[in-house]
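Multiple structures are listed underneath, in structure tokens.
Below are two complexes that have chain A in common, paired first with chain B and then with chain C.
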Partner chain A sequence: MTTRTHSLRRTVGSPPRTGGAPRARRLGVRQRGSYPASFLVPAFAVLGLFFFLPTIYNFVYALTSWSSFSSSIHFVGLQNFTDLISSGTLFRSLRITVTYAVLVAVFQNVFGLLLALLLERDTRVNRFARVMFFIPVIMSALAVGYVFQAILKPTGALNTILGDMLGHAVTIPWLGNTTWTLVVITLIHAWKWMGLSMLIYLAGLKTINDDVLEAARLDGASAWTTFRDIRFPLLAPAITFNVATALLGSMNGFDVVQATTGGGPARSTELLNIFIFRTFGQGLFAQATTMSLVLFLVVAILAFPVIRVLRKREEVL
Partner chain B sequence: MTGAPTTALPVEMPQRKPRVRVGDRHGPWRRLQPVVALLAVVALIGVPLWIVVVTAGKSQGEALNPDLTLPSTWHFGPNFSEVWQQGRVPMAFFGSLLIMVPAVIGVLVLGSLASWILARRKSKAMAVLYALAISGIVLPPAVVTIVLLLRQLGLAGTAIGMIGVYMGMYMSTVIFFVTGFVRTVPIELEEAARIDGAGPVRVFRTVILPLLVPVLSTATILICLYVWNDVFYAFFVVGGRLDTLPLNLFQVASAGLYLNNWHLIFAYVILMSLPLLIVFTFAQRRIISGITSGAVK
Partner chain C sequence: MKRYLTAAAAIVAVGLLTTACSDPSITGPGSSQSSGTATVQWPDATASLSGVTLTIWAAQNSNTTPKAVVAAFEKATGAKVNIVTIPDPYEQGVQTKVATGDKPDLAFWQPTGSMLTALNAPTNLQPLTGAPWITNLNPALQDMTGILKGTRYAALITSPAVEGVYYNKDVFAANGITTLPKDWNSFIADARALKAAGQTPLFEMGGDRWATQWWVQVQLADAAKSGLWDKVNTGKEKFTDPTILDAIKTYKSLIDEGLFNKDIATANFADQGAALLSGQAAMVVQVNSFFSELQAKTDTATLNKKIGFFPISPSGNTGTFIPDQSNALVAFKTGDAKREAAARQLLSLWMGKGYPAFIKDLNTVSLETSVPSPATVPQALLDVNASLANSVGSMQALAVANPDLYIYLADMIQGTTTPEQVAQQTQDQFAQLAKAQGVAGF
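Let's look at the complex of A and B:
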């Protein structure tokens, strides 16, 4: 339990201080020779050049007129932002992206947890089922998107199956509704990743001490009470990991949406990354950069409170 | 846990073994659970995969509206050979490998090297560097300006540029996993080697690196998965210049959606997923245990 909490704490950014601290002091002077700082250089060079430098560029080029239509680049101040705000695109894309991320986090974790509870016992059937549920995780998200586009189109497989069951033709436009299609796509995204959440919940369930469960059983606790009062709270570290990665990861979503709707209908599923991809393709580089910066800022602003809130829940224990 | 009786007084089950999981002890559920598990597999995974396979075996006309029916005659041969050419599968496969292999090896070697120092040296500066290094786990890469930067470096549209971008993106993940792991390795192991006169390079290579194998294999699996399947960053960096499997799938599908070429799209999906599926079938036990131990250590 302690070690697990610990490993998740690392997500927040403070390095864990497992053991070592007094020993390191004992080593003191020898640190430099035994652990040369030059070993840091290649990794940080790659990080600096290919990760941090483009991020800094983001802040600079969002304030320019960079586009494919003119070879010169001028400073235009906040004009890109005001344009995107006044056209309503910025807040619209932002709202869609955050809704998408929250729904994915909810669905992926609910499905993952249900699967973990269903397949918890170590039997042959369950081991087989776990492997099967992991197949979508290793498939390309783009491929998954195309598969579901074929299944969900008005004359696709789902409507055919529903029609056969109900005895009359069903033509629900699963991917053509400006309100509900976003929800349908988050279900597809959750379907693709639920196998990974399942594995992490299974690992979490395995670490719960059998004696605690045995004590609850002897006290006459029902399966549901045991789950609600003992197992669910003890799963907190796994929940933190799963919710944080699902939420922040799907803020960066693209593939599933591009392959199913491409942002439609009527731009109702246009995530920030879809917008960036589209405007970049049109040569409006500065606008794309501005949205990329917006995404960066929103994730940065969300990341720390999300992880802190989830960790606080762990600390209550 | 449906169907589980809620009255579970200990007196009712005197003959049970003392150590059973809570979910295990309800008779009806025990017998029902395998059925529910298999039904879930069939409905949630089996049906979509079945549709992929049968549609990939149909002619264009039959595949217009993908459903559960078997093709009247199997067209796997012609479909695969058509998509093999139209999607330039051999080129795309080598393009994907050409980018994935160096990126993964590079990020693992450089990341572990840095992680070892970050884990062992204790100072304010190291704490700051560590926080910076792992910030990339959650922060999204600046995908648009990366293109500009690569252009300035003369790496636009090249495999080297793409490799650098992936290394920059996944360095944080490697440093996060490996630094945590190194801290659990007793320092005495290194000291023994050091007393024998080994320099830092040799200590790292002969003592640390072999111990890192489990955590590095987990990281390898995850990063391979992401890089092999990535299409978003590939669009920006090498789109139209280099073939990779997901980029070519997009191409086949973009042409095919207009023509409703579901048979070709699904044949491509199968071809593209096969390499990872084969690796997964042979190594699934290690992959699954690796991922679970890595995530919640």
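Let's look at the complex of A and C:
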């Protein structure tokens, strides 16, 4: 096999799988010669300028006294970190952020999977429904937040509908409870993104070989058994992607929460990013940078084990 | 080997970055020709400026304020002026932009010491020393605000806001209250009498949070007169000391007593306006922007008939002034001498020849003794303006930093914190901000 035929095959479809690991590696070595390394320069330049450079600055400024009050920036060592840790507010916001991320990951995936199973068959109605459920994904998160804020306020649409159904006035402050409002906004966040999870689960379901399902049917497996023992395990790659993106993406949550509650009531929904935003607005730029560095580290620390565990599930495939 | 090279390259890169680490909002030494003590040239208000383009940053609630003045300026000088709206929260947006080196020629800005410090005025703003319009102003307002460490940085254009009580005249009359409260005790006595008569006496917007701090600040008016904020600024007095803590406790006890609206935890700014206007609530402690909200809801005749204003303080009727972003403008040091002069020229026209037309267009109280206020200005606004002469500065006006007292108070209203915790959180944040500014004693 020559490089030429290999690269031809690459452009046509997926890389050869049957060759086995040693052969693939051998081909990979030969492959390196066929694309000049300089092709990578533009991509790395963009990555470096817009990702690595700001990240490095994030580390640097966290160790300084940068603020809006003073023209000079001094090196202060780890003082910003010790101040943050001693105040306790950081851990409070971190706890809220992690709770938020976990709840979003659960809700978004449960909703997404249910929708995918419900809309699996390619009928006309299902195609239309899939589009409808995908629309929130492409909507502006702030717009979603403001719409839900209007629906959920004590005199909003939800309470009016409940009131009409129950026959008496309902004035539940959905966004005014210091315990449950966090759950309400995770549901909003999950609602916005469930269409994306649905799409990925649908793609995952489509890759399951019909022969396997038919064999299960012939063996007399019920729909539930088929799902539990065959379809769900085979969805592992889709689950990895969906859980990881939902969990780690919502760790960086800001827009939906800012628009619905702004961190209230009583800062019970103040995600770390909202706290950072508020600190930055006070002119304490270095402290805000320190916090975003902490968030970066927490996301990184969380990402590795989560992705590792989820990838482990895929090994059975 | 490769790995070591990469690591070495990374270390060198970080090293280079750290040495280049500086505040991008600082312009080079050559551009800061005007310092606080030097004399400032004030060009003739209508001198030709063709080819010059100025930018004004305004907030969503102040972006229409300069329209008429700007049109007159463009016509008289040939300059072009762009009014750019910075989305809310305005102050954070402006500070972030300025921090990255992005500056307008002029911007609406709260002219208090703490907010001028937040913009790093000596570095970023033009001193307005010797501004030609100052002597035209009502003497009580000339040096009231806009000054940081002896240098004027902000031009006051409209009457600064005052914290005080807006009340519904119909509700007062229906409950036999004929004389306005003369001090804090009679104010609270009236509230209790209204409650006994089955009326909601007071209304607070715990959902939108920001007005909560007025209740604490009006109680501090007497202490502020005798130098409370100077003591707080030097660390000699703390938010956790009895003066401020007791004010927070009193606010909490009034809420616990049931003198406020039942939905205090969720009510917002619009609810507050609607409640006072309809007579559902009798009194509201608020600032001028609340009255603007009422003006948006109804006409001047109705407002004159229904809504009144009186200032309140522990021992009498001292108002607490709090100039806000829509009351003043600052001019930035942009490094372009021509544009900097043009910005000053625009302010000269605004507060000089253009002032009568500006006041008329905005239908608001005049600050200049020779320019009468339009006859159509609502009475409550005239009362607010009249209370300024005898008023005292708010925390925002007199403290070196502006902590989020209102957020902590709103937490207390939600029931998650105690007055002691509110005081402690406010003090901690104040100390953090003061330390970042390099204030002695923190």
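As a convention for this text, the second predicted complex is superposed on the first by the 281 of 317 C-alpha atoms of A that agree within 3 Å, B and C clash if a C-alpha of one lies under 4 Å from a C-alpha of the other, contacts with A are read in each partner's own complex, and residues count from 1 in each chain.
As a working rule, a residue touches a chain if its C-beta (ideal position, glycine included) is under 8 Å from a C-beta of that chain, and two chains touch if they have at least 3 such contacts.
No experiment lies behind these values; they were computed from the predicted model shown.
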| item | value |
| --- | --- |
| Touching partner for A:L295 - first (chain B), second (chain C), both, neither | first |
| Contacts of A:S87 with chain B and chain C, given as first, second, both or neither | second |
| Residues of chain A touched, compared between chain B and chain C (which is higher) | B |
| Which of chain B and chain C A:Y61 touches, first, second, both or neither | both |
| First (chain B), second (chain C), both or neither touched by A:P173 | second |
| Which superposed partner A:G163 touches (first chain B, second chain C, both, neither) | neither |
| Touched partner set for A:P233, first chain B, second chain C, both or neither | neither |
| Touching partner for A:R278 - first (chain B), second (chain C), both, neither | second |
| Doubly contacted residues of chain A, that is, touched by chain B and again by chain C | 53, 57, 61, 66, 153, 277, 280, 285 |
| Contact footprint of chain A on chain C as seen in their complex | 13-14, 17-18, 21-23, 26, 89, 91-92, 95-96, 98-99, 117-120, 123, 207, 209, 263, 265-266, 404, 407, 410-411, 414-417, 428-429, 432-433, 436-438 |
| Chain A residues touching chain C - in the complex, by the definition given at the top | 53, 56-57, 59-61, 64-73, 83, 87, 153-154, 171, 173, 175-176, 178, 264-268, 277-278, 280-285, 287 |
| Complex contact set, residues of chain B against chain A | 1, 4, 6-10, 18-26, 33-34, 36-38, 40-41, 44-49, 51-52, 55, 64-68, 106-107, 110-111, 113-114, 116-118, 120-122, 126-127, 129-149, 164-165, 167-169, 171-172, 175-176, 179-180, 183-184, 187, 190, 194, 200, 203-204, 225, 228-229, 231-232, 235-236, 245-246, 249-250, 253, 257, 262, 265-266, 269, 272-273, 276-277, 280, 284, 288, 291-293, 295-297 |
| Contact set on chain A toward chain B in their complex | 3-4, 7-8, 10-11, 13-16, 18-21, 23-25, 27, 31, 33-37, 39-40, 42-44, 46-47, 49-55, 57-58, 61, 66, 115, 117-121, 123, 125-126, 128-143, 146-151, 153, 155-157, 160-161, 191, 196, 199-200, 202-204, 207, 210, 213-214, 216-218, 220-224, 226-227, 231, 237-238, 241, 244, 248, 251-252, 254-255, 258-259, 273, 276-277, 280, 285, 288-289, 292-293, 295-296, 299-300, 303 |
